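There are structures below to look over.
You will see two complexes here that share chain A, one where it goes with chain B and one where it goes with chain C.
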Partner chain A sequence: MTLVECKNLYKNYGKREVLKNINLKINKGKIYGLLGPNGSGKTTLIKLINDLLVPTNGTILINGKNPGIESKKIISYLPERTYLNFDMKISETIEYFKDFYDNFDEKKAYELLKRLNINKDDKLKTMSKGTKEKVQLVLVMSRKADIYILDEPIGGVDPASRDYILDTILKNFNDNASIIISTHLISDVEKVLDDVIFISDGKIILNESADKLRNERKKSIDAIFREEFKC
Partner chain B sequence: MLNKLIKYDFKSMFKNLMPLYLILIGFSILIRISGIAANHFSILKVPAGTLTILYIMLIFGSFIYTFIVSIKRFYTNILKDEGYLTNTLPVKKSNIVLSKILNSGIFLIITVLIIILALIISYFPNQEVVNIFNGLKNSIESLGYNFIVVLLFMIVYMLLGYLNYIQIIYTSLAFGQMHNSNKIVYSFVSGLIIYTVAQIFNLITLGLFIVIFPDTIDMVNTNSVTPSFFTQIFLYGMILQIIYFVAYYVITTVVLNKKLNLE
Partner chain C sequence: MNWVFDNERPIYLQLVEQLKILIISGKFKAGEKLPSVRDLAFETHVNPNTMQKALNELENSKILYTQRTSGKFVTTDKKLLEKLKNELALKYGKQFFENMNNLGFSYDEAIEYLKKSKGEI
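Showing the complex of A and B:
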């Protein structure tokens, strides 16, 4: 079943075309890697799906509807920046998520924080960038959403924590949900991906099953990426 | 969901304004003590006078700061990084905007109340204030009006006027964010255009008012203003404020709904 569908999607910033005729389907129960170099349009596509930007042309359907209140109920989105109020304590951010998202599991959030050794009484402003990212990931993954959209979820996290975080992501979503992970740290995420979407210069140049791609080309996704996007 | 939005906007703005309220109360106590001291030691009259000047500046500054906090909350919570969360909450944009407007009003009222409290601490009892208040009350009642009704009317009118200034900036920021660069410059230009359009609209409606009530010019020229004229002009002003309030609110909401551009 299709959860997200982009049809003939274009996005311009002024005269600059950032996305060009994107056609894409995100199906239920899969983990997608949205892979591309910096400035290729990954974040723009994610923002369009999350209703933070408006398409210049084309449509986006989430469960058959345009982005809006209904889609926000079922999408759990982790942006590539800190979107929490720095004056808040961690416990207050959990309260905030509980207040606004019916599918937020408070107990799970506290469990995950405990395992990451993050104190719920700490204020965000006293935390390092990496810890803030972990907090956001905990909040996002503690929702029982249908779609998780994670924009650079491990970018600011030390390599030692990355496996743990990926593990957290995998353990905390149900089989009916889908995940879109945007990253350029491909080797770290490659093992979890079902499908890969290569995006370059605002166009989708490859959309394929990860296993099929590896078998056909006899290379890792990371190696294929390096080949495709060679400077 | 509106009540939850109001709760979080209130908490955040309160954190910003709490230090101001503490300073106001602290300063008012200082003024009281300096007043008593200056009565006993005339040498202290000059520093007490300087303190009073600072106090007046602080009171004016309090309004400006309250205004700025209201604008900052809208800007940071909707259009900057926090906007990535605010705009992906499953709530209506109209409620997000309304919560900011309502909290701006709530905090203006709180600031005014704290200032009144501070003034009471500094100067109570003060016969002059009582005299001015009574004089105002008598002159309003001599025109045949109920003082309390007029007072409430004026409070609502001023509150709406204040919120409309806040809303001009909200609307300008909403227009400014649509652009991909120089968002603040575009916001400023939008603000100027909105202000100019509002002034033109004021002139047109004033013209209409004179057409509907042709006695207006005569009354103003001959200084023979009747109470019913006052009622008409007050109501005219109030209706105008309500029109602006609704117009700015609708425009801001529509722009954020249809043209959000969180690059």
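Showing the complex of A and C:
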């Protein structure tokens, strides 16, 4: 079943074409890697799917409908930059999420935080960059959504924490949902991906099963990426 | 068991190989029920879809069988398990002689080294 469909999608910022004729289907029950160099259009595509930007041309369908209030309910989105109030205590942030999202599972959030040894009375501003990122991921993954969109979820954390984050993503992944992970840290993430989407200069240049690519090219996704995007 | 994957080869194939070793060596015994796909995926830190694919592959080669509603089990066909063990032993043997051959050793010399290294294990 298709959860997200982009048809002949274009996005311009002024005269600059950022996305050029994107055609893409995101199906249920899979983890996708949205991979591309800086400035290739990954975040723009993600913002369009999240209804934070409007297409210049073409259409996006979320569960068959245009993005809007309904689609925001079923998409759980981890933005590249945080939108949380760092003066809030963790427990207050959780209350905030509970108010905001019907599908937020408070119990799950506290369980995940406990595993991280994070005190609910601590404020975000007292935490390291890596811990903040983990808290945000916990909040996003504690929503019972159909589509999880994670923009650079492991960007600011050390390798050991990356494994924790990937485990958290995997543990909360179920057959009824899809996950889109945008990243340029490919070697850390690639083993959990079903499919990879390579985006270059606003165009999709490859959309294929990760294991099929490894089999055909006898190379890692990271090596294939380096090959495709050689400067 | 330490699960390590090489990103240059399909992950599901590596899971098939590693699960085969667990079965052949008796970590998962003949007729034993396997943990669920989700539990196995979590233990190995892979995507459940990839684990499912690996288990399907093992089922296609009759090493596993599915019992409706109660999960996947290791085959009770001891002959098949014995055959797999022999295949793997031959593969390891071939690899050894190939490596020694690449270093310029004859078969007999390789055997000598094999005997010598036995004392060091």
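The rule is simple: the second predicted complex is superposed on the first by the 231 of 231 C-alpha atoms of A that agree within 3 Å, B and C clash if a C-alpha of one lies under 4 Å from a C-alpha of the other, contacts with A are read in each partner's own complex, and residues count from 1 in each chain.
Everything below uses one rule, namely that a contact is a pair of C-beta atoms (placed from the backbone, for glycine too) under 8 Å apart; a residue touches a chain by one contact, two chains touch by 3 or more.
Bear in mind the structure is a predicted one, so any value in this text is a computation, not a measurement.
Trainee: With the two complexes overlaid on their shared chain, look at chain A and say whether chain B and chain C clash or fit.
Mentor: fit
Trainee: On the chain A superposition, what angle, as a multiple of 10 degrees, is formed at chain A by the C-alpha centres of chain B and chain C?
Mentor: 160
Trainee: Examine A:Leu193 and indicate which partner it touches, taking first as chain B and second as chain C; both and neither are also allowed.
Mentor: In the superposition, A:Leu193 contacts chain C only.
Trainee: Quick check on the superposed pair: does A:Ile221 touch chain B, chain C, both, or neither? Answer first, second, both or neither.
Mentor: second
Trainee: Go through the superposed model and pick first if A:Tyr83 touches only chain B, second if only chain C, both, or neither.
Mentor: first
Trainee: Could you say whether A:Asp99 touches chain B, chain C, both of them, or neither, answering first, second, both or neither?
Mentor: first
Trainee: For A:Phe173, decide between first (touching chain B), second (touching chain C), both and neither.
Mentor: second
Trainee: Nearest CA pair across chain B and chain C in the overlay: distance in Å?
Mentor: 27
Trainee: Going by the contact definition given at the top, which residues of chain A touch chain B in one complex and chain C in the other?
Mentor: Overlap of chain B and chain C footprints on chain A: empty.
Trainee: Touching residues of chain A toward chain C in the complex: what are they?
Mentor: For this pair, the touching residues of chain A are 29-31, 163, 166-167, 170-171, 173, 187, 190-194, 210-212, 214-215, 218-223.
Trainee: If you look only at chain A, which of its residues touch chain B in the complex?
Mentor: Per the stated touch rule, the residues are 13-14, 47, 50-54, 69-70, 72-73, 75, 77, 79, 81-85, 87, 96, 99-101.
Trainee: Mind listing the chain B positions that touch chain A in their complex?
Mentor: Residue positions touching the partner: 1, 4, 7-8, 12, 15, 77, 81-85, 87-92, 180-181, 258-263.
Trainee: Mind listing the chain C positions that touch chain A in their complex?
Mentor: 5, 7-13, 41-42, 45-50, 53
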